[in-house]
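Quick heads-up: structures coming right below.
Okay, so chain A shows up in both of these, paired with chain B first and chain C after.
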Partner chain A sequence: MNVEVMANSVPKLLDGLALTIELVALALAIGIVIAIPIALARVSGRAWLNGPAFAYVFFFRGTPLLVQIFLIYYGLSQFETIREGPLWPILREPYWCAIIAFTLNTAAYTAEIFRGGIEGVPHGEIEAARALGMSRVLVLRRIILPRAFRLALPAYGNEIIILLKASALASTITLLDLTGVARTIIARTYMPIELFAMAGAIYLVVTFAITRAIKALEHWLSPQTRPPRPA
Partner chain B sequence: MVDLQGFGTQLLLGAALTLELAFASTALGTLIGLGLASLKLSRSRLGRGLADSYTTIFRGVPELIIVLLVYFGATIVLTNVARLFGSAEPVELHPFIAGMLALGFAFGAYAAEVFRGALQALPRGQIEAARAFGMSRSLAFRRVALPQVWRFALPGLGNIFLVLLKDTSLVSVIGLEEIMRKTSIAVSYTKEPFTFYLAAAVIYLVMTIVSTIGLGAMERRANRGVRRAAR
Partner chain C sequence: MTWLKTAMIALALALVGGLALTANAGDKIKIGTEGAYPPFNLIDEKGELQGFDVDIAKALCEKMGAECEFVKQDWDGIIPALLAKKFDAIVASMSITDERKQAVGFTDRYYSNLIRFVGPKGKAIDTSETGLKGKSIGAQRATVAASYLEDKLGKVASIKLYDTQENANLDLVNGRLDVMFADGLVMYEWLKTDDGKKFEFYGGGMSLDDGVGIAVRKEDEALKAKLNEAIKAIRADGTYDKINAKYFPFSIY
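After this line comes the complex of A and B, so read on.
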């Protein structure tokens, strides 16, 4: 083990970590926006909404993320209409391809997690809200989605960690994320054990921090389970 | 029909290797998982600590990093060992073995938690009864505990297997000619990335569907004779 190489690599690896977090945060944020309508389509009970939503979820959960990244980054260039089209400046950039692939992928998993959350909302609460005269949209906004989000939070925390780990695949399309930086330094120094161990340790710290943050958020969002504060 | 330009057979050969890798890693991972689960439930503090550190590390580090670390790390270690015996040739770990070890290590970390839950789900009285009949600890484990652990653990193991099946694509990064690597080779000849990566995606989807059906059948078989409340 060459400790000096490990210590010297830290600043560069942290630069890579910044890109990793940027990719994951963007994908998660856009992913939620896509996932909510898909989850609602899945529980709508209408075949023309449920069918396409199911197909989307099935494809993105049934194939490896690596295939999805390659389909977008390498695959789209096969079509001349796309190469000549207005979106080409975006679609030829590995950065945006990674974001698109991560977003579509995490949206599929998140939609299923939210579906579970929505189905877990007690029926009586929805009936009570309707009885109070709330419109369907208002019930959705005030009762169903907030409750579903709380119910889905532990599973969503797992999804954040899975996506963080999966984001290492960005390095396969030349991006210099945490894994990408480690691989570049290894190409120069040929010290794979030191660099991958260091990168792995950084991932471990981040996953640990996320686990803790989700636990804290769960606690904060469940005041009913906490003992009453002494008066 | 899509023209695969004669590469269809190659893709199927890749699929066969993918399945071999998935089954080999599952076998290794199941053994590791069972071992870790018994350590986690043991009375030894050292054993529990070791097993907990193992699962924390292998569940917190990206699978791609584990694959790369095992492959390049083992190559360096093996070459150094060979040098001790006077060989100047670099020794390389076969990508299949490296992939099987890396994915098996990761599978074991997740399987440990599944087995721990399954072992804890066993009614204590059954083991006590078996011991009272004069069965040794190991015989009671083999005849009474293990068959039921299998039944309790199967749904969880099935989920890990489906994740592992997709993670085998990572081993293409170290050059094993499974589906993804075969596909990339076909792409470099035909210049039709979308067609071929989509074909790869379809193969993974089919494998996922078949696995899901197979796992369902295994669960039904494991649960035969279990009384269910009428619905």
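After this line comes the complex of A and C, so read on.
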């Protein structure tokens, strides 16, 4: 173990970590926005809504993320219509290709997680809200979505961690994320154990922080499990 | 932070243990190559390793009277894999450089190469530092070309490093890269392909190494000596020239 190489690599690895976090955070944020309507389509009970939503989830859960990244990065760029089309300024950048692939992938998983959450909301609560005269939209906004989110939170925390680790695949399309930086340093030092151990430790620290944050959020969103505040 | 250190050491030990288990103890010579670097090493339609490196390695094994087995290994992990004893020699168009000599031992060269810039025909990009300012330049990760770009042009140009030369070529074709910096012989072959037809060499070649050799672990002096003898032997008896002629109409030694 060459401790000097490990210590020297830290600043560069942290630069890579910044890109990793940026990619994951952006993909998660856009992913949620896409996932909610897909989850609602999945539980809508209408075939014309459920069908396409199911197909989307089936495709993005059923193929490896690496294949999706390569299809978007190397695949789309093979077509001249794409290269001369209006989307090329975005699709030529590996950064946006990674964001698109991660977003579409995580949205599929998140939609299924939310679907489970929505289906887990007790019927009695929905009936009670309807009995109080709330409209469908209001029930959705006040009862179903907040309850579903709480129910889905542990599984969603898992998805965040899975995407964080999967983001290492960004290094295959020239991006210098945490793994990309580690591989580039290994290319000059031939010390994969030192560098991958360092990168692994950094991923662990971030994963740990995410787990704690999710735990705190779960606690905050479960007032019924906390002792009542003194009056 | 002591728990972190402990965790790191545990992780490292697990890795070392895992690698050691896969090391081979037989007396067969295992040869590592990449299989994605035509015409030097590639996988053909039947899934078999082919190319100049592979032919040379087979000829050397025959001369040494040794049984050889090829192992396909991704390029950027090829030296670590040699050090971890996944194979005993790298015959994969590896440039002999001082940087690499710190990690591995090299035989005498078995061919010579120049590193060259390639770009779209007619664009005539000037390959000086000022000419390449702000350009997107591609190379394969962990090559002499990549090291050169990082050291000399890393501050002025956008350097993109790829897992394989084939992936880098794809990005040259689709215009993500302005120029490619790569082995002249590999690009010479590529320029003859359908994709490569629209591209040409910019400027002359640069010699960034002491030729291309076979890498072995530093302590394997005996294997290195045997390989050196075998290289001399195939040079002397015409086997080398025959293989050379199969791939290039000029001598690449």
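Following the convention adopted for this analysis, the second predicted complex is superposed on the first by the 228 of 231 C-alpha atoms of A that agree within 3 Å, B and C clash if a C-alpha of one lies under 4 Å from a C-alpha of the other, contacts with A are read in each partner's own complex, and residues count from 1 in each chain.
We adopt the following convention: a contact is a pair of C-beta atoms (placed from the backbone, for glycine too) under 8 Å apart; a residue touches a chain by one contact, two chains touch by 3 or more.
What you see is a predicted model, and the numbers here were worked out from it, not measured in a lab.
Chain B and chain C, once both complexes are superposed via chain A, clash.
Look at A:Arg92: by the touch rule set out above, it reaches chain C but stays clear of chain B. When the two structures are aligned on the shared chain, A:Met1 is found in touch with chain C, with no touch to chain B. When the shared chain is aligned, chain B and chain C each come close enough to touch A:Phe196.
Touch counts on chain A: comparing chain C and chain B, the chain ahead is B.
Contacts of A:Thr174 after superposition: chain C is touched, whereas chain B is not reached.
When the shared chain is aligned, chain C comes close enough to touch A:Ala187, but chain B does not. By the touch criterion stated above, A:Gln224 is placed in contact with neither chain B nor chain C. After overlaying the two complexes on the shared chain, residue contacts for A:Thr81 are found with neither chain B nor chain C.
Of the two partner chains placed by superposition, chain B and chain C are both touched by A:Leu204.
Annotation: chain A residues 74, 77-78, 172, 183, 186, 192-193, 196-197, 200, 204 touch chain B in one complex and chain C in the other. Of all residues in chain A, those touching chain B in their complex are 58-59, 62-68, 70-71, 74-79, 161, 164-169, 171-172, 179, 182-183, 186, 192-193, 196-197, 199-200, 203-204, 207-208.
On the chain C side of its complex with chain A, the touching residues are 4, 7-9, 11-12, 15-16, 76-77, 79-80, 83, 99-100, 103-104, 141-142, 146-147, 160-163, 167, 170-171, 174-176.
Per the touch definition, chain B reaches chain A in the complex via residues 56-57, 59-66, 68-69, 72-73, 76, 166-170, 172-173, 180, 184, 187, 191-195, 197-198, 200-201, 204-205, 208-209.
Those residues of chain A whose C-beta lies close enough to touch chain C in the complex are 1, 74, 77-78, 83, 92, 94, 172, 174, 183-184, 186-188, 190-194, 196-198, 200-201, 204-205.
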